[in-house]
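Each of the next two complexes has chain A plus one more chain, namely chain B in the first and chain C in the second.
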Partner chain A sequence: MLFLLRRLGFYLAAFFVAITLNFFIPRWMPGDPTTRIVLSLRGKIKPEQIEAIKKAYGYSGSLLDQYWLYLQRLSHFDFGISTVNFPAPTSDLLFYAAGWTLFLVGVATALSFGIGIVMGIYSAWHRGGFFDSVFTPVNVMLNAFTPAVVALLLWYAFSLEWALFPLGRAHDIDLTPGWDFNSAVNIAWHATLPVISIVLVNFGAWHLGMRNTMINLLNEDFVVLAKAKGLPDRRIRYRYVARNAILPQITSLALSMGYVLGGAFITEVVLNYPGLGKFTLNAIEARDYSFIQAQLLLLTGSVLIANLASDILNVIFDPRLRTGSRH
Partner chain B sequence: MKSLLKMTSLVLLGCVLSGAASAAEIDLRLAPSHADAMIENFNPYNISGPASYVQDFAYEPLWINNVWHADKDFPALATSYDIATDLKSVTYHLRPGTKWSDGVDFTADDVVFTYNYAKAHPDYAVGLDFYSAKDDTGSLTGIEKIDDHTVKFDLIRPNSLAHIDIGSLFPLPQHVWKDVTDPANFANKTVVGTGPWTEIKEFSRNSFKLCRNPQYRDNATNKIDCLQFPQLSDNNQVIAALSKGDLDWATDGITDPDKTFTPKSPDNHYWLPADAGTNLQLNTSKAPFNNLEFRKAMSMAIDRQTLLDVATFGLTTAAKYPIGEGMFYKDWIDDKALQPYAYLMEYNPDAAKKVLDAAGFVDKDGDGWRDEPDGKPIAFKMAVPAGWDDWVNTLQTISENLQDIGINAKMETPEESAWMDNIPTGNFDVYIMWTELSATPWGTYHPMFNPLWMKPGTLRNESMHQMRIPAIEADLNDITATVDPAVQKAKTTDVMVQVAQNLPVITLFSNPGWYEYSTRNFTGWPTKENPWARPMSPAGIHERVKVALSLVPVQH
Partner chain C sequence: MDQLAATAPASDLATKHAEKSGTAAPTPQQLMAELRIRPTPGPLRNLPSGLQIFLSNGKGMAGVIILAVFIIMAALAPLISPYDPYRRAGKPHIEPGVEHFLGTSRQGKDIYSQLLAGGRTSLTVGFIAGGSATLIGLIVGISAGYFGGRTDEILTFFVNVALVLPALPLIIVFASFVEEASPTIIGLVLAFTGWGWSARTIRTQTLAIKSREFVLAAELMGEAKWRIILMEIFPNMLSFVIGGFVLATIYGILAEAGLEFIGLGSPNSVTWGTMLYWAQHAQALETGAWWEVWPEAIAIMVTGAALVLINFAVDEITSPQLRAARLGGRIRRFLKRRGRSVDVF
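Here is the complex of A and B:
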């Protein structure tokens, strides 16, 4: 219990540091959200008007005053108003974008994990065979590609040259997404290219990880015993070896989420997919402080929660961490 | 149950539609600005996006200046205007019988309201240049309602060109805005305008439509039912959408269009008329840029043909004279007066070297680079935002040209926001910069030589050079003090000659005006052969509503 409380205290402290940095980092960048407005008015604006605009957007007063206001707002879950997508509340857009990112990353991760694991099992079982010696190096090579290059190539080939897939967006312009067949097909069709470009650079890692762990396990005594018992190959492959080999893959799946998200951000920008990456890039360029803050908060929040969850799971599964329990 | 209802209503709708034969809606799809998501904000003076959708199309200005043909302006909410004989006021005669889209009459009260409302809300910039007694700047002192359809704007001093700025005011409906206390933060979700398209339809994060105003005076001749604005977030996406038939009208940067754009579809067309000029803004408040001979040598050392053909992909247009602007105002340019300065635009590195040698800019410390006459080394940076490819190439070429004649000039590419934010500070050596275009050259030279914008801290992009030229300031004043075109032309020529003599900026070329269109669904686009109005479509090009209204739908 004490362990958990200590961890909880740590996470609260980390959270506070994070929201403070979230406030200051965007403001340390040169420029502010009003710069563009002032420039686009082409000089038909007086200094007192510039001050008035800053005030209207909540960017006047000392940095400390603004910080205090930010903390107060945050305690009411008020993320402020986006200046790029003025005057939509930041939270509206954040959750709109996060939804599409979650969908994209979820589907792509499930697919790349599934494909990678199956290929890994097959090439470990028939190691040194034709499949293994062709696909293992190819997949490792694909894994070394950067998401930006893959997305650009796919976009150029399949959206521009052979217009098989749509030019970005999560669904057709005239479609109102709902829980029906039409929407599902349309959304899937639009997600195809982004999902493929994320899957292409990610599944190789699972293939390689699964293959290596499997090969180690194949030499273990329990596998030899299973073979000696005369169990069918299928049973040994899946129930004995793969089942054990998949455990470390699941652990690294949790760790890889950051990397996958990073890749998805780039894919979204290249393929005009309305996710977090696309909105965040524009927010940074236009110094949309409230969106940058809210987006960073969402990310830090989810990382901290994931860590906390894994701590709790560890306590449950690892009796050594439970102080005060019977030894 | 719900879906059953939906089905039935769809079937019913289908019956209604097929009943009204050939009622297919005609939509013009255009992308006047980039967006990551559509936002329900239709405030005409919120510049982040709404302005590009609702200005001109839903909210009409008083008067549309035809910037390419000053003698063929387009009356809008005003049918005519008079400049007082003392040039100290402008009177607008408003179009009688005009109604806002909700049926309320449009009158002089709306214009008076807009003026006073803007004055009361300084954070809501409508672009009116109010007089400020504190620092004696600005021009407008008040507004008077003469009768229901006549308003008079008063000026602090005689100004024959004040109507250019005043005419582009978009009056707001008093009966809607009088209750709005915080206009800068007002999203104006229901548009009440007088323009051809005012009704918001089918709004989503992906696109929305602006459809027919039931009260619009020329509905009988307006063939377009709705303007549709699809969400597109960068140049590539806009051009790709146009090629694919998902867009009709674009106004985006494009490279190598004959390879990447026109072969994609027989309906793809583009025309890139010469637009705003591009100059080097030199910081003349410090050495070596405070030396005229040095500036002359810089101008002669630049290989402008390479800038045109290679650096800017052949899409820019040559500038003939070093007047701080390209050939945009060709009717105003006096070749005879400016011919003596044409040599400054020719690539002549040997002559540039001679000028530098004669002025004492020679290599004194033996490091291979020229130094100032007093021996101080010269090394400076020329700034352009990272990613502005044509201008990055331009500065790259210029830095090589300057290095060839022994000047240690380098390019730097800060991030766009940092570059923009640094403009007012005066903390720079050389910037590459656009000019402001207007219906007359006065609108270009006034911001370039306005002493108010030459103090570090409040510099403007056009006046970053900080060189005050009293003769030019006097000429610019004289131009606004007369309505005589002959005097205006003579004074304008004098301004151009002064710029050529003093070189506060180094003239490079004219940028293209970006204009791409598809004839798949509409014909009748302005072309090089029929350039009756500027065909670009971003906010600020008020002619765009006239272009939209002139299009002819293709019968499929």
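Here is the complex of A and C:
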């Protein structure tokens, strides 16, 4: 319990660092959003109006006042007014987009983690064998093929050349997504290509991580003892080695969520999927700063929650942590 | 590996085996050929063992050769590129041919020249980002591990923050407030967000080395702290530092390409990422101009693959278990063919 409380404290502190960076970056940079609005109006604006704009965006007063106001607004999930979807608040669009991204990344991560772990266990058990010597390097190389290129390749082959999958979108335009069979099929069909391309660039990392951790464990005394006792191979493989090797993978899965989300952003842009990545890109082009800043906080929050979840899983699976001692 | 050849037991065993089965004994040379063990070539024998392992590793050397070809081509870019990569060189979308080796882009720029110039920038940015990230990680990791106590607590907090904060959204915020992020700025931001991993491994490694006898001896002799760090600790984790550098460089090159591809870079600079950006913008694939997309896409993939191969070789130096795993497969097959138990390995 103490362990979890310590971790929770750390995540809150890390989130605070992100919030603070998010506050200072636009104020350090040459042009803040209000200057840009004022410049775009080319002098056709009164000083009072400039002041009003600054106030609406939270850029007036001393830095400390601004920071305080910023924190107050954040505590109400008020990310400001979207300049693109004016006058809708940013949070509407943000949560719509986040839903699709969460769906995509959730499915893809579950698949790539599962595939990677299974392949890792197999190639560690048969280390130096054919599968291990061929597929370990190949899968890790796939990992280095960058989301942009992989998604582009898949899109070209399956959407453009053979037209097996749609050219984009999360579902057909005339379909209102609901909890029925038709919607599910339609949504799954649209999500196939993005999910495949996220899985392709991610599962190699889990394959390699699981394999290397398992190989290092296979020479431990407790494994030798288990063999000497004459336990069946299956039991040693899964209960003794894999169970111990999977914990570090869960931790590094949580840590790499930021990286996976980054890859998903690019995949969404290439495949025209209406998730956070796509809308963030639109926001960048339209200079919608409130959206850009909100996506940072949302993603940081989700990554931190993923890490907390992995800590909880670690406590459940690793009895050493339950006593509260330092590992 | 050459010890195996030199020592007698191998041939002894073979003779005994032969006596039992009544066939002619295989010579040690035949056994070594079957196990695919080659004696270390003469010139390598005097090198440090880590370097020996690396140089005799097929995967690692393949990666080094591929990367070397890319680096040489990038370095010679101004000399060997037929056209100016920044200017129009012909009509838009000319197919690859004699005049334009890899065709031209929508804007009529020569793709081959752009590929060379882009490689120059992309590789430089990747290596600078990887190098700076490793350097930050090295300094923070060694200080945290060696000094311990309060210093360690504070530094470890920042290492964990750097590990946990998602890099790409942060870079997006950063890049969107900087008007036109040049490749240099992107490289620096990547270094700033990507040092967590190497700091963590290096801290763990420092903690392991710190308690060894030779460090204690140096401390008892009254050597200066910086000297102990530089001369005693640092050389003993060189392979970890190199491994961290390779990983950070992969991340740097891929992330730069990704960021520029979605249009966060400066569109006027020529890199593999911006080439992809323009190709996507010109709808090159839809209009059938595949040559505007594939060259840089393949270049990025091959560079990534080469670095991964190098990383495999470095991993085998840092972890002897992994090296043994590769050789163990051959030994197990060898024993299996002779009907021996393979459970030992």
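For this structure, a couple of remarks:
Following the convention adopted for this analysis, the second predicted complex is superposed on the first by the 219 of 327 C-alpha atoms of A that agree within 3 Å, B and C clash if a C-alpha of one lies under 4 Å from a C-alpha of the other, contacts with A are read in each partner's own complex, and residues count from 1 in each chain.
Everything that follows uses one rule, which is that a residue touches a chain if its C-beta (ideal position, glycine included) is under 8 Å from a C-beta of that chain, and two chains touch if they have at least 3 such contacts.
Because the structure is predicted, anything quoted here is derived from the model rather than measured.
Shared-chain residue A:148: touches chain C; no touch with chain B.
By the touch criterion defined above, A:29 lies against chain B and chain C together after alignment on the C-alpha atoms of chain A. Contact with chain B, but none with chain C, is seen for A:274 once the two complexes are overlaid on the shared chain. By the touch criterion defined above, A:285 reaches both chain B and chain C.
Of the two partner chains placed by superposition, A:164 touches none, neither chain B nor chain C.
When the two structures are aligned on the shared chain, A:180 is found in touch with chain B, with no touch to chain C. Contacts of A:71 after superposition: neither chain B nor chain C is touched.
In the superposed model, A:316 makes contact with neither chain B nor chain C.
Common to the chain B-facing and chain C-facing surfaces of chain A are residues 29-31, 160, 285, 287.
Listing the residues of chain A that touch chain B in their complex gives 29-32, 35-37, 39-49, 52-53, 55-57, 81, 83-88, 93, 96-97, 159-160, 163, 167-174, 176, 180, 272, 274, 278-279, 282, 285-287. Those residues of chain A lying in contact with chain C across their complex are 10-11, 13-14, 17-18, 21-22, 25-26, 29-31, 124, 126-129, 132-133, 137, 140-141, 143-149, 152-153, 155-156, 160, 212, 215-216, 219, 227, 255, 257-259, 261-263, 265-266, 269-270, 277, 280-281, 284-285, 287, 289, 292-293, 295-296, 299-300, 303-304, 307. The part of chain B that touches chain A in the complex is made up of residues 3, 35-37, 39-41, 46-49, 121-123, 125, 127-129, 132, 137-138, 165, 182, 184-185, 187, 202, 204-207, 228, 230-234, 237, 240-241, 243-244, 246, 415-418, 420-423, 436, 447, 453, 458, 460-462. Chain C meets chain A in the complex at residues 59, 157, 160-161, 163-170, 172-174, 176-179, 250, 254-255, 257-258, 261-264, 276, 280, 285-286, 293, 297, 300-301, 304-305, 307-309, 312, 315, 319, 321-322, 325-330, 332, 343.
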